[in-house]
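Alright, structures below, take your time with them.
Two complexes follow with subunit A in common, the first pairing it with subunit B and the second with subunit C.
This part shows the complex of A and B:
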C-alpha cells in the first residue's frame, strides 16, 4: 500500500471509529467540542516549567480514552507524524534556555524541562483532538460549530475542505497507481512529470468536487448545514460530563504545583 | 394536460460559443412515462438532464417543469420535484453513512426530524435496502451505492426521476434488481443511457439524439428494432435483439 492509500485508509478508519456507540460517542458533539477547546486552552495556560501541573492534565485523556473504549496505544501511534514537528520546535530550548533548576546538590538545565513541557503540551493537545474526531463524525462537529455560533461560511469551508481532502487523496491515489503501473522500475514519480501530474490532480479533483457540489445543490443545499441526528438534543448527562470535567481541570490547574518543586523536591529555579 | 409533465421548447445550449451541444430540442413528457434517451458518446444526453434540473442556466429556449420555468429563482422548487441520479455514485454520495446521505435533502428543506426519519425509512424500504441504513458509504459496493443514490432522491418524494447511465458499473444481478426497481416506480422517468437493453426493459418511449438534435422520438420497440436508424446514429441493435 502506498502512502496515499495509507492516508485514505486512515481517514476511513477514523470515520468508522467515529460511528461507535460508547458513552463518549453518545455525548453531545457540542459538549465534546467545547471540552476539547477548553482542555487545549488549559494546557496552553501552563508556564514552561510547570511540568507537574501539566502531567496532571493527562487525567482528562485517561478518562476520555476509557469512556470511548479507544486504544490509547493507537492514539499514541498516530502521534508519530506530529511528534518530530513538536520536537523540532522545542529542540533549541536546552541550548538557549540559560536557567538552571537546582535541587539538593543536583543541577538541571531548565531548558530540558521547558522542552519536555512543550512536548507534553503538543502530545496532549493532539491526543485530545484525536479523542474528539475519533468519537464525533465530521457532520456532528460541523453541527456543534454552528450551535456555537461559528459563522456559516467558516463551518461550510471546514466541511467542504474535509470532503475535498478525501477527493484529492482518491484522485492522487488513482494517478499514482496509473503511473506506477507504467513505470515499474521507478520507486517514486520522476520530477519531470511532477508538473503535469499536479495539474491533472488539480483538474480532476476540481471536477469531482464540482460534481459533489452539484449533488448537494440538487438536494436543496443553500449554504447552511443541517444536522438533526440522534444526538441533536442536549440532555442532563451532557451537562454532568461537561461540568464535572471543567471542574476537575480547573481544580488541577489551580493546585499550587510550584510547592512540589520547592517544598517536596526542595529545588528552585536560578 | 396532466399535472406532472416536462415541457421543452426550442432548447439550445453550448458550453462554449460556436460549439453547440444541444440544438433546438423540443419535447413533452407526461406523467407515468418512462423515456430512454440514447445516442452516441458526446451527443448531449447528460447535458440535457442537467439542464432540466437547472445545473446550467445559460440555455436558450424554454424548459418548464409542471408549468414552472427553469430559472435561478425557481430552482429550489424544481429540485424538490425532480430527483437526479448521477452516473457516478461517488459524485452523488458525500455523507458518512447511508442514513445521513438520504436525510440530507429533507433536512435542507426544513422538515422536522421525525418526518426526516420517516422519509429516510420509507426511501430505504422502497429501494429494499433497510439493511444498509447505518452502513458507511466507503464500505459499500458499486451496486449498493447506486441503490443508496436512488434512495437519496426518493426521500424528497419527487414527481420526476432523471437517471444518468444508471446501469454503469453494475453486475448483472444488481442491474436486474435496478430494472425491477425502476419498473416499480410510477414516476415520470427519463433515463439517459448507452445500455439499450435497459431501455428496452424499462422505457416505453425512446428519444435518439445525434449532433445535438432529436432525430427520432417514438415507441421503444419500434425504434430499437430499427437497425438502420440505430446504425445511422452511431448505435447498434440491443444485444438481446442482435442475437436473435
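This part shows the complex of A and C:
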C-alpha cells in the first residue's frame, strides 16, 4: 500500500471509529478536548527521572480505552511517525547523563531512566490523542473549538481542509498511479515532471475552490458555516467525568513519588 | 520536523502557543481587512492540496532518495502570507490529530517552526520583496530556493532551541544543532527546487495567479523595508545576542576534544607556522574581542564589524559578477 492509500485508509478508519456509541463517544467534545490537553500537559510536567509517577498516569488511558472499547494496537500503530525523532533525542541520554541510580547493590545509569521516561511520555501522549480523535468526529472537534471561542475563520478553514482532504488525496493517488504505470521501475516522480504533475493538481484544486465558493453562495452562505450532525449538549454526566478525571490526575501528579524509591525501596541518586 | 509532545515541557509549549496565537490573531485581522470571502474556500482547498501533494514522492536525481513539497512558502506565494499562515495551522492540526504527526501540546511549537517561518519569513520577507519588482523565471527559482533553505534552517534551529529549553535531553546542544541544520540544509534545497518547479508551471500555465500575488505584494512590503528589517535583525543578533553566545566548544571542537583530548591540535611544519603568522597579522579581533581584552563592548563591536564586512563582501561580489542591473529608460 502506498503512502496516499495508507492515509486514505487511516482517515476512513478514524471516521468509522468516531461514529461509535460507547460512553466515551457520547461525552461532550469540548470535555474530551480539554481533558486531552490537560492530560498531556500533566504528562509533560513530570521530571526526567520521575518514572513511577509517570507510569501511574497510564490509568487515564486504561479508563479511556476501556470505556471507548478501542483497539490499543491501532493506537500504538500511530507511534511510527514520532518514534524516530524521540528515540534519536532520547538515546543520547544514557551516553551523556553522568548521574547514577543506586538500588541496593545494583547501579543503573540514570540516563536509561530518563530515556524510558521520554519514550513513555511520547507513547502516552499519542495514545491520549488517539483516544480523542477515535471517539470524536472532526465536525464535533470543530464545534468544540467554536465553543472554546476559537476564531470562526480558523475553524471553517480547518473544516474545509478536512472535507477536501479525501477528495484531493484520491486525485493525487490517481495521478501517482497513472504516472507509475507510464514510468515503470521508477521509485518517485522524475525531476523533469515535478512541476507539471503537482502543478496540474494545484490548478485543479484552485478551480475546485472557485466552484465550491459559487455553490456555497447558491446555498445561501453568508459567512457562517453550520456544522452538520447531531451535536451533544453539555450535561451533568460530562461535568462528573471531567471533574473526577481532573481530580484523579492532579492527585497522581502531586503524590510524593520520590519517597517510593528513596524511603520504601531504598534507592538513591548519585 | 514535526515535534512530538515528549520533546517539549509545558512551559515552553505555552510560550510557543502564545507566540503562534499572536501571529494567528494578526493574520486573522489582515485576512478580514482584505474582505475577500472567496478566499476562505480557497484556503481550505489549498490546505488539502498541500497535504495531498506532500504525499507525492519527488525523486532526487542521482541519490535514489525522494523529497517532498514544503507547504508554507508555496501557500504564501499563492495566497499571501497571512492566509497561508492560517491554512498551515489547519494542515498542522489535521496532521497532529489524524496522523499523530506532531503532538497536541507541541502544536504551538510546530506552527511556529513550520508555518511562521515559511509564511512570514519565506513569504513576506523573501518571496514578496523579490517578485514585486519583476516576475521572472530566475526570480521565482531564486526566491523559492533561498526562501525554502532559510525557513527550514530557522525551523530546524527552533526545534533544537525548544528541545534544549525543555531540558528533556542530555544530547549536547552543539551536536543536536549541527545534525539538524545539516540535514535540513539538503532538505531545504530540494524542497525549494520542487516549489520552484510547481510555481514555474503555474507561471507558464496560469500567470494571472502569480500576477495576483505580485499585485498584492506591491502594497505590502517593499524591498527596501525588507532589507531594513533583515538589517535590524542582523544588528540585533550580531550586536546584542552575541553577548549571550555559548562559551562551550562548538560541534567540531567538542569532537576534537573527545578524540584528541584538546580542542586545538598541535601545529607542526613551516607551512603551518607561516599560516599562523599570516593569521596573527590579519586577525584584528582575535576571539571576537579587542587585542588582549575580554570586554563586552569588544564582543559587540566584533559582531557588528563582522556583519558589516560580510555585507561588504556580498555587495562587492554582486557588482563583480554584474548581479545588479541598471534600469534602462
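Throughout what follows, the second predicted complex is superposed on the first by the 226 of 270 C-alpha atoms of A that agree within 3 Å, B and C clash if a C-alpha of one lies under 4 Å from a C-alpha of the other, contacts with A are read in each partner's own complex, and residues count from 1 in each chain.
Rule of thumb we're sticking to: a residue touches a chain if its C-beta (ideal position, glycine included) is under 8 Å from a C-beta of that chain, and two chains touch if they have at least 3 such contacts.
Not measured: the values here are computed from a predicted model.
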{"item": "Touched partner set for A:172, first subunit B, second subunit C, both or neither", "value": "second"}
{"item": "First (subunit B), second (subunit C), both or neither touched by A:121", "value": "second"}
{"item": "Subunit C versus subunit B, contacts on subunit A by residue", "value": "C"}
{"item": "Touched partner set for A:72, first subunit B, second subunit C, both or neither", "value": "neither"}
{"item": "Partner chain in contact with A:141 - subunit B first, subunit C second, else both or neither", "value": "second"}
{"item": "Touching partner for A:63 - first (subunit B), second (subunit C), both, neither", "value": "neither"}
{"item": "Subunit B versus subunit C as contact partner of A:12, first or second or both or neither", "value": "first"}
{"item": "First, second, both or neither for A:208, with subunit B first and subunit C second", "value": "both"}
{"item": "First, second, both or neither for A:191, with subunit B first and subunit C second", "value": "second"}
{"item": "Which of subunit B and subunit C A:129 touches, first, second, both or neither", "value": "second"}
{"item": "Intersection of subunit A interface sets (partners subunit B, subunit C)", "value": "138, 163, 208, 212, 216"}
{"item": "Contact footprint of subunit A on subunit B as seen in their complex", "value": "50, 53, 55, 75-76, 79-80, 84, 86, 88, 90-97, 99-100, 103-105, 107-110, 113, 116, 134, 136, 138-139, 152-153, 156"}
{"item": "Interface residues, subunit A side, partner subunit B - complex", "value": "12, 15-16, 18-19, 137-139, 163, 208, 211-212, 214-222, 224, 226-229, 232"}
{"item": "Parts of subunit A lying in touch with subunit C, wherever the complex brings them together", "value": "3-4, 7, 10-11, 14, 36-37, 40-41, 43-45, 48, 78-79, 81-82, 85-86, 89-90, 92-93, 95-97, 111, 114, 118-119, 121-122, 125-126, 128-130, 132-133, 138, 141, 151, 153-154, 156-165, 167-169, 171-172, 175-176, 186-191, 194-203, 205-206, 208-210, 212-213, 216, 223"}
{"item": "Subunit C to subunit A touching residues, read off their complex", "value": "2-10, 13, 24-25, 28, 31-32, 37-38, 40-49, 51-53, 55-61, 64, 66, 69, 78, 86-87, 89-91, 93-94, 96-105, 163, 167-172, 175-176, 193-194, 196-202, 205-206, 209"}
